[in-house]
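After this come two complexes, each holding chain A, first together with chain B and then together with chain C.
Entry: the complex of A and B
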């Protein structure tokens, strides 16, 4: 595409010039000529377009202008001067939305605390190699935790190759080093993980289902970013798409009491605030009420964002559903290992689920038919009408996840959802429009429709076929990844 | 590789369990480790309940080890049909025999636990009295064969008093049809090579066994089935001890093998009448007889170029053993030409990828072997490092990274069967072989498909129309 762009560029300027001229200040034609065209048109031509929300379009064309989709269809004409991407023989889908990428190397400064005053924008690194890894598996939007992270394997590789090879070139039985690796693995995959010392793979044993231990009510912060490799503009989409709470913070009577109290305070504050605004509007002076809770909690009470919290056992899930109904907020459950046992209760409460079909948890002894994970959960949730988004086995973006059991792949989880009995349509939606809705971004991302962000994947096959590769990823209307050039994944001809 | 249970249980966990798993944990380190082990290896607790395991330990008390082992040696095929094995006719949309072309619209006849006939449905007449199964939209394929597994029984896979442990055998640890094997069946695996860990350079003798239910005598295909050798990595010792580096490790391996070679020669000479005095029996060296007679292979935990080189030179060139490169990962593919010269089968896993610095990109290891014309090529899980039921997924990953799909189907069936020298029994759907048949909703290499029904030795052991789906 690059090669095509160059000769077209002059022509494009001419076109724009001609079009824009009447609107320009005719007294300064020379300046207008100097000004580069602000809007380049990109045409993706001939692909088999899976729009997700509408009909599939075979041999269709997508026009992109200013980072947005301006036309989709079989009869769309490519305007002169548009940069064309040939998509004949390719499958075209919206970019995937990862709702739960714990860490992917946002904070370049290191450190582990999520300083509430830190400016997210200052920490973004658009050249982070993890972004390419994400794009390689189709992720164009990710909701990431606001703290330092990624296991670092890929990020540090920018200057000196992938350190993963140094670490796993052969064996590194040096114990201190292994301790550090295990620590990283546990941070990325959870406390039960150890690392195979001979091949360096994380060993993820079947997790026991245990009641969540109590924990202080700490709030975690997440941000939504676009994987706009190489470009900071448009990378940060928004902050706090969810109110994230640590799983243990609402377990136990005291935890639940303090949560109810927080919500009550927030509701009272909103009433006080409304009253205060009336007073101000009437021209009187008054001290504004003091804000007793965080902005996120207020947004939760206003139903602008959902609460996102991990709950795995039936009992924990019921607790959360009960609280959400009683206090009137939207709920997104992560983990949700046993959601298949009580799908009707989730559907009735409008609860949504983020889960990993490949994760397996052992059932409790004597309750083999009604506890633990079950492969058929996807079928059950689809049938009952519980919306679900999928997340990968590892929520860290790193080479480690790719090299082992492929712990980072979203389409693979969708394939396992199909294995469990969900339709391909629902499984693809679980990577696109369903998580987009959870993030409150369904008007911008999650499908190929006119007016939406041009986050588009060109694939060499069905998106749910594990053999399929992302050939080209377009983010905000710009090509951000080309498999053949980036080479974070093997390149070979089929 | 031994590592999962072994390194966890034996070294890492004992040292660090309290710190890792129970922050501010109660009780001693040892207690915590025990608690962890019992959760990580659920079958340990079943040992008490398992009748065949109990029977086996009684047998231990009453029989001498020698008698038992000689019995096993002289009758490798222990399977004795006790239950009446039904006569079956299985009709499917497509049969992947793993020898020759797939059969569209095929029928498999089974009787006495063996395959009686395989062919097009129209060509096969079903005799009377056969129970018929109809899966018109499904595929049939041979049961999957795992070349490197540690989930066949209790987790005590490593005893690490000596640097080499040919005195150890693992069929005393088998728990037939344990929870992990049940899951394995739901993933289509019907045969595993259950081996000791790689805690030492020579972990002991492994068993080739079926995953289905039954007595030990029903499920064992061959015992001893393989010798397990680990040439680097896990068996490395502390700095300064013999075996802390590759020099020392390969010395102890060679020293042990040469001692064994002399022992086997003494016996061979005696049996052939070349010597008169019967050599003294040495329990520690007894099972080397089938190994040096090339009746069973040595599966070598070997990986990376340098170590595979030692495998070829020492175990093949010097000792003339039947060698299987097992758990062969990293850049060992660069040695393909040398491996092919020696006709050695290659099993890759659990790590299927390697970052090639010279060319700055990730490579699929199996694909790299295949590109260099390796045919005797398969994948292994090293369960429980990768869950046993995900054997198909090791192949799926290899295909994603450039392997041919037909080769991948062979790479989880006939190729490991040949490598383990049991291809006369398992690994393909052919007349006379064990009726280990897996019915899937499509190609098993595609994760969207799943296993519908599994037959082992002609008996249905998993049927999603009756049983709850497990995977």
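Entry: the complex of A and C
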């Protein structure tokens, strides 16, 4: 028996080999055939590519794979099986980056500060109609403020994790007009007048002025999201790209005192923390130091994020620059109406600016030549090397706001920056790479370069022309908007 | 004597037999309906001019060639159509807790100021209700259900609960299964999603860690992003009594008060058992979603648990938007039967037809989100007929009304189709069920007529 089974066994093994070998051979090509569908390649062919950071490419091709740009150029070959988007006759630009957008892309009510454990990711709403509106004017990434409700209903401040809802209807503490009210009141009653944060009435201090410092300034929260319509993955880019403060929280000697205290506490905490880590590393046990300030303040001190604050008058701007130099943090000024008066001071301090070229502010009486807004601010900032990003007249993503189904869109502001004397290149950068840098995302977005996120716009004309429409918007390598299908903007061909 | 005795004995046995026989006879008195068109919603398909024989509340025979027993009561239903009773998989009711919290207020303290706001505390969202424990069937108006031809329904409440399955009777309703399915309502908020995540997480695994956010927040390269769950430090100097909402992060299982909080070996709470069944794919989880984004979040939160079967209760337009993320293998949709709008447009769309093209299984809930359901309607299937008229296949429409919801609720062995051995729950209609003007003539539950038009 044994002699018989052995050859049979051998035969079986031989059979297995014979079976296995061809099987292996066939497996290889099938795997190779399977590979392309797993990584879809998108090719945008024939467009006039404005890369923003590099030269312009006429009739170029962009390849997109796995949400990233893998090739850009005139002699890029389109691989077989790639999905092709015809961009002949179209202008191709990177997606615009909006640094100041009202609440959008987040579910209403969700993520309210009443729930301390609330995570921003859980409130994302990729089907928000505002996303389509934003894409309609080319915004692919936005720094969205977290406050809920429309303006006038809730104060920006959040006290101890709770929204303050008692407030007079229609009053917005950050409104530009408030400055004028304060100025008038200061003229009438003296320099210690401030605005009530709830009702907007001027507060006239009575003697004696309280000696205790104001409660520490409250900050607003923001979140950076991609306009990836209908897709949750890759939508949330990050939280708190800025430390946002209201100008009121830092005005006056007491406000500034309390701000300095906060920064000092943060610095001390960082030292304590470092010492604590050393102790832990040496194997001893120790209670970690208590965190005296918010994470955002700590990151500000570490120069990871800038402080973003509104300052319009020369004196307010100087105050903020002075504080940022003294305390050693990065500063982004919004509003910045009179920044053109002292551009060298901004450039020297490395301060960046977010402003609206079309916003008007009347000059002060007697200082007509050195106050108020001026159309040529864009030229002056460009010349002095102050980086600036642009924002629309209203940050609400609605009909009359930033999405601009009327004329309030971002590209139009860029056009006005060009009108004021900035180069087209700088104006386009003010919508793309400059804000991307402010958000700390210049390695991912803001230009058309190999390795960056495929956030790409196909436009039917010059991006700075108000007649131009975004035809197609691609976010994270996926078509997220088509004007002809989404129909938030008029559909016709010229 | 002997003879007499035996005679009496014989007589008494005869009597007993006679009583038994009569009883049997009474029980065996069956009902036959003939002449009607039978929509069986089974393999038998449609039977023209068929006979359905009912005994003991069950279907004893069905078909063209059925021998009608002599004793049977016969109903002639020529020109009528008979279809299985409708199963409503999501019949919303209010029970004790909901009714209480409607008038409830809570007090919150903001900067020393006390403010009273309407509504219960946020934690009430995550407290568990077993509906069969707190429902009073006699105090609910079932008229709308019975006249709409609903013969089996899963009663649900919004929030976190275990359903109960009932069937209507002539005056009220009776419970078929007190231990129904697990229900959760999910919005895009951390609180409701955490309920889902913690429930689906296997016990003992990464209990302290933040619930998986899937592929969620991203990009360490971007340089910012707070660690999830990081406690926001209070920059405030000691302030009078920090406002205290409900203690966050309560595990939902703790909400069940019947479970002793301490003990050497805590018994498995009923909710834990329910979640385990869901995790292992033994029972489906009913998730009520109020918008399209919530569907995506829910799919994201349940991505890891491959076996879990999820039933999504959502509006048609939300399903339309989220279709790319839905998996026909593990997801089933429950939606109201109606023509919807394509989101953000005025274009109308037949979502059930769209879903069947995408091979996505779905069931209808006649009661869901339909105001006309509550008012007197002679043609409860009008909405479905408009869907059939605009392209939904008849078979799919029948299935979505009867067999599919029966499967979802777990009563498909008893109801959902006209088959031998199943409960005699059926409707007699005066014409084709999906003709716009057809009305229901009578509704039978377990062979008894509970409604007549």
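Here, the second predicted complex is superposed on the first by the 369 of 494 C-alpha atoms of A that agree within 3 Å, B and C clash if a C-alpha of one lies under 4 Å from a C-alpha of the other, contacts with A are read in each partner's own complex, and residues count from 1 in each chain.
FYI, a residue touches a chain if its C-beta (ideal position, glycine included) is under 8 Å from a C-beta of that chain, and two chains touch if they have at least 3 such contacts.
Being a predicted model, the structure only gives us computed values, none of them experimental.
K.L.:
Just to be sure I read the superposition right, which of the two partners does A:125 touch: chain B = first, chain C = second, or both, or neither?
P.N.:
Only chain C; A:125 stays clear of chain B.
K.L.:
Looking at the overlay, what does A:295 touch: chain B (first), chain C (second), both, or neither?
P.N.:
In the superposition, A:295 contacts chain C only.
K.L.:
Applying the touch criterion given at the start, work out whether A:80 contacts chain B, chain C, both or neither, answering first, second, both or neither.
P.N.:
neither
K.L.:
On the A-aligned overlay, A:418 touches which partner chain: chain B = first, chain C = second, or both, or neither?
P.N.:
Touch status of A:418: first partner only.
K.L.:
In the overlaid three-chain picture, which partner chain does A:487 touch, first (chain B) or second (chain C), both, or neither?
P.N.:
In the superposition, A:487 touches chain B and chain C alike.
K.L.:
Do any residues of chain A touch both chain B and chain C, and if so, which are they?
P.N.:
161-162, 164, 487-488
K.L.:
Note which residues of chain A are touching chain C in the complex, please.
P.N.:
107, 109-111, 114-129, 132, 159-162, 164, 166, 215-216, 224, 230-234, 236-241, 262, 290-295, 297, 299, 304-305, 440-441, 443-444, 486-488
K.L.:
Can you list the chain A residues touching chain B in their complex?
P.N.:
Result: residues 161-162, 164-165, 168-171, 173, 178-179, 182, 186, 191-192, 194, 196-201, 203, 205-206, 208, 360, 362, 369, 374-376, 399, 402-406, 412, 415-416, 418-419, 464-467, 487-492 of chain A touch chain B.
K.L.:
Residue numbers of chain C touching chain A in their complex, please.
P.N.:
108, 110-111, 113, 115, 122, 187-191, 193-194, 213, 215-219, 221-226, 228-237, 239, 242-243, 245, 248-249, 291-294, 296-297, 300, 318, 321-322, 324-325, 343-345
K.L.:
Contact residues on chain B for chain A in the complex?
P.N.:
It comes out as residues 1, 3-4, 7-8, 12-13, 16, 20-21, 39-40, 42, 198, 232-234, 236, 301, 303-304, 306-307, 327, 329-330, 350-355, 357, 360-364, 367, 382, 384-387, 390, 393, 396-397, 399-402, 446-450, 468-471.
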